[in-house]
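The structure appears below as structure tokens.
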Amino acid sequence: MEKLLISDFKEILNKLKDVMVENRDYLIEIDGIMGDSDLGLTMSAAFTAASDLAEDYSDDDIGTMLSKAGMAMSKAAPSTMGTLMGTGFMRGGKALKGKAEINLKNLYSFWDAFMTGLLDRGKAKIGDKTINDSLYPAVLVLKDESDRNSELYPAFQKALKAAEEGVEKATAMQAQFGKAAYYGEKSRGKVDPGSIVGKLLIETFTDYFKTQ
Amino acid sequence: MEKLLISDFKEILNKLKDVMVENRDYLIEIDGIMGDSDLGLTMSAAFTAASDLAEDYSDDDIGTMLSKAGMAMSKAAPSTMGTLMGTGFMRGGKALKGKAEINLKNLYSFWDAFMTGLLDRGKAKIGDKTINDSLYPAVLVLKDESDRNSELYPAFQKALKAAEEGVEKATAMQAQFGKAAYYGEKSRGKVDPGSIVGKLLIETFTDYFKTQ
Amino acid sequence: MKKFLNKPEQFVDEMLEGIYLAHPDKLKYVNNDLRCLVRADSKKGKVGISTGGGSGHLPLFLGYVGDGMIDGCSVGGVFQSPSADQMFEVTKAIDQGQGVLYIYGNYGGDIMNFDMAAEMADMEDIKVLQVVAGEDVASSPKGEEHKRRGVAGIFFVYKIAGAAADKMLSLEEVKRLADKAAANVRTMGVALSPCIVPEIGKPSFTIEDGQMEIGMGIHGEPGIDKGPLKTADETAQILVDKIVKDLPYEKGDEVAVLVNGLGATPKEELYVLYRKVSEILNKAGISVFHVFVGEIATSMEMAGLSLSLLKLDDELKELLAKPADTPFYKQFQL
Amino acid sequence: MKKFLNKPEQFVDEMLEGIYLAHPDKLKYVNNDLRCLVRADSKKGKVGISTGGGSGHLPLFLGYVGDGMIDGCSVGGVFQSPSADQMFEVTKAIDQGQGVLYIYGNYGGDIMNFDMAAEMADMEDIKVLQVVAGEDVASSPKGEEHKRRGVAGIFFVYKIAGAAADKMLSLEEVKRLADKAAANVRTMGVALSPCIVPEIGKPSFTIEDGQMEIGMGIHGEPGIDKGPLKTADETAQILVDKIVKDLPYEKGDEVAVLVNGLGATPKEELYVLYRKVSEILNKAGISVFHVFVGEIATSMEMAGLSLSLLKLDDELKELLAKPADTPFYKQFQL
């Protein structure tokens, strides 16, 4: 089975930064519809901080590096999504603490802890129209794939599909959390910006594995 | 020689009100160029108050009525021009105190006292680009005409001509008083709203005498 | 965007530099971070009170740090929560062994970060209790009060909690009183024009010419009714009706009133509105103990206002009446 | 025009009704005229201080009526002088046999009316002295100081005169100190957007998109430079340079600073500007005794600000530092 080293995670964090910077204006735009237009700014700031941290990290402990990246993110962007990303990376990193090599099983445990962190910190439930609604289905797929010892790329391809479907489903939901919740029924039919961030996370991992 | 009674002055104050109301928007407009756009409002308010007072005045003392009209004006419109009008009518009225009949000589003494009131209260000199610059030349003409025992209408026709010329001259001057003074050199070439009010005063008297 | 600023991304830090330069004897920062603001002096042995939230709402939040009010504030970017880390630094700086009360508005980012900060404080054995203020009746219906936005009414919560802490009451007791204030305040606002986040550079929402939005939040969150501009009296009637029915405030109740300007709206207009508010309350048999009129919680240059009522009892009244002296808010004994 | 009002022609009177309803223990009116405003209480045997001017500048002018400041204010329509009559009524109400000092801004209508009022007072044997405040350096060059507009700096004149009267000094002495304050203050402002007189309903002047007007007066009087919006630092530099050169303020001088918001400009921006002001003064060796930041003299919803410096000596400093308590302005001992 494939192994990921700390250099892979540095590269992935770097790609995540690029993706968030590329999607800066798009995220600003969709967060502007029912939110405060900051998501493009905060995600760029958060992932830049994470990537900078990773670049400077000189040890080989993947878990610790990801935890520290999470701390850096929550300092750099203390918005809802910044804090959730920070929490996710901190918790996910904790699950990988001490590891210098990672396989799909480990990667699933990262995402599982990440997801639990989001649910803990945000207190939103599945169906509340948040990032949870794209990320949670993807993490469920990763569990399956990890149980079945799949390869990374196909596993993430499936997870991405689930995340994309999650985005669609979230679009139809009524927002219960965050600024969009003030729109009540009117929030239905509008894309949830957080769910897009969830999808972008999985997509970036997927793309990375594709090119390996 | 023609005599004016209290009924004539009531009618003249009524006409002055009409004239100021008709010129409301025009005065607002020209006061807007270098002032605060209130001249149309204040002149309408002042002369409405004066006319209302005159209407209710039941005695035959022309001077007292005009003084009281002046007081009413300065209460109703305490702007520069309202205060000057108030002062003018108070001082002019004082000069006619106790009179129930008025001839051109008396009328000149009204305007003379009126003009002195303006100079006293406002402290502007001739040439400072104010109402003084249209009214003072007109009052000088009235002095001449009164010395020559002229008829009312031709006397005021000449006074009006002087007032009109005064407006032209004032236009070329640099403002030294009031809000327009902040424009310094730039105030040259722009009509002085107060000088227009001076002209309207004389014009209304002239028109009244024409129709008698 | 017409603003006095240099680089938009420096806006908050330069504002803070200006604040520290203007009030060196009253305010300072800790952890070498301008955004961790605390009182320069402090009363020994007192419960600490800390708040935090996005910038762009002055005098909210940091303006209430001072004598008789609160002790520290973590400062976020414009309309952005400060970080848990910053909150924790402020917590450490103001704790005097009696614990710290967090008072903040009901916004997702703030809640998560204050929760994180409380966890950090717990790890260092600093006792932290939290009060979340959310009183905008337009933001969520009755029965769903927990979803309501915190707006200008938080001022009352600071004032009550601050006076309580000043009386050297315990953390639990300060929290009880702050909770009581939070439970007894209701607010509703109305906006006439948007505001601009410097880093964004243009309004992130619009209100058309001749229109007003009733119930809009202080970051431009949607209101409950967008429609033609109403008169001051009509506006007052709508706000009072909705607020009074919600708690409900009843005949015989005594209240404090806050007429808050959102930024561009002149004080003149706030008083025109209060004239009607006073008349309506008077007719309803609700008596006004004191009215606060001015800019208490703003949205930069947004035009609009909000109305808050706080229902009083003897203990709240006593605390509300105590003096306060911060660089942004001064009150003599009422 | 987006304003909270009912009928534009009722704006001022309804505002005043709101003010009396909000502050019944502090303010009242005389002669059955809402526009003749005086303190509800008053210190016996003190010199009376009265002011007056157009509405639309709150807290100017009436906002400074109260403890430690002034005693009465006649209130005009928006940007309109009150009448001599009203000024005279206020004069009679606040005179306690020690005479009355008029303090007002250098505007034609106000001057004429206060002159008339002083004549009326003289006829009733009330001793009146007058101080005309005019300190806007942009409104007239050095050498023609008597033509300068009075703007936010009048706040300092009230404060000094009020504290002097409170010390039971004589009318002449209060005038001397007020004159000294007036002579030692300089102001300059900058506007970003116009304001609307309710009865006119639209702006009576314009400032184009992306433009600012340096030196504009608080009624929209023309400034000395219309041009592209400058940064906060550049703006601060222009204002400080012009003001400092004018008096001039010199190395070793001690000053009070006032950064005044004209209405729509948020406090955040005032502090960003002050940051630079402080730096420039510091470099010039001019020390700041105290800085006042906020809305002290506004033009309704105009966006912009003004900067004032008051040069202090020991007697001015002592008076400036005294507490004041009005419904619109509160200061603890500095």
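Brief remarks follow.
In this document, chain identifiers A, B, C and D correspond to the written order of the chains, with residue numbering beginning at 1 in each.
Note that in this section contacts are C-beta pairs under 8 Å (C-beta built on N, C-alpha and C of every residue); 3 or more make two chains touch, one makes a residue touch a chain.
All of these numbers come straight from a predicted model, not from anything done at the bench.
Here the chain-to-chain distance from chain A to chain D, counted in touching steps, is 2. Across the assembly, the mean Cα position most removed from that of chain A is the one of B. The geometric centre of chain C is 29 Å away from that of chain D, both derived from CA atoms. If you average the CA atoms of chain B and of chain D, the two centres end up 33 Å from each other.
Here the spacing of chain A and chain B, counted between their Cα centres, is 79 Å. In chain C, no residue reaches two or more other chains under the touch definition. With touch defined as above, chain A holds no residue shared between interfaces to two or more other chains. Interchain contacts link the chains end to end along an open line, per the touch definition above. The set of touching chain pairs reads A-C, B-D, C-D, using the touch definition from the header.
If you check the complex, the residues on chain A that touch chain C are 28, 32, 34, 36-38, 41-42, 71, 74-75, 78-80, 82-84, 87, 121-122, 177-179, 181-183, 186. The part of chain C that touches chain A in the complex is made up of residues 76, 79-86, 108-109, 112-113, 115-116, 139-140, 147, 149, 197, 199-200, 204, 217, 219-222. Those residues of chain C whose C-beta lies close enough to touch chain D in the complex are 2-6, 11, 14-19, 21-22, 55-56, 58-59, 192-193, 210, 212, 229, 231-233, 235, 263-275, 278, 291, 293, 295, 298, 300-301, 303, 305, 325, 328, 330-332.
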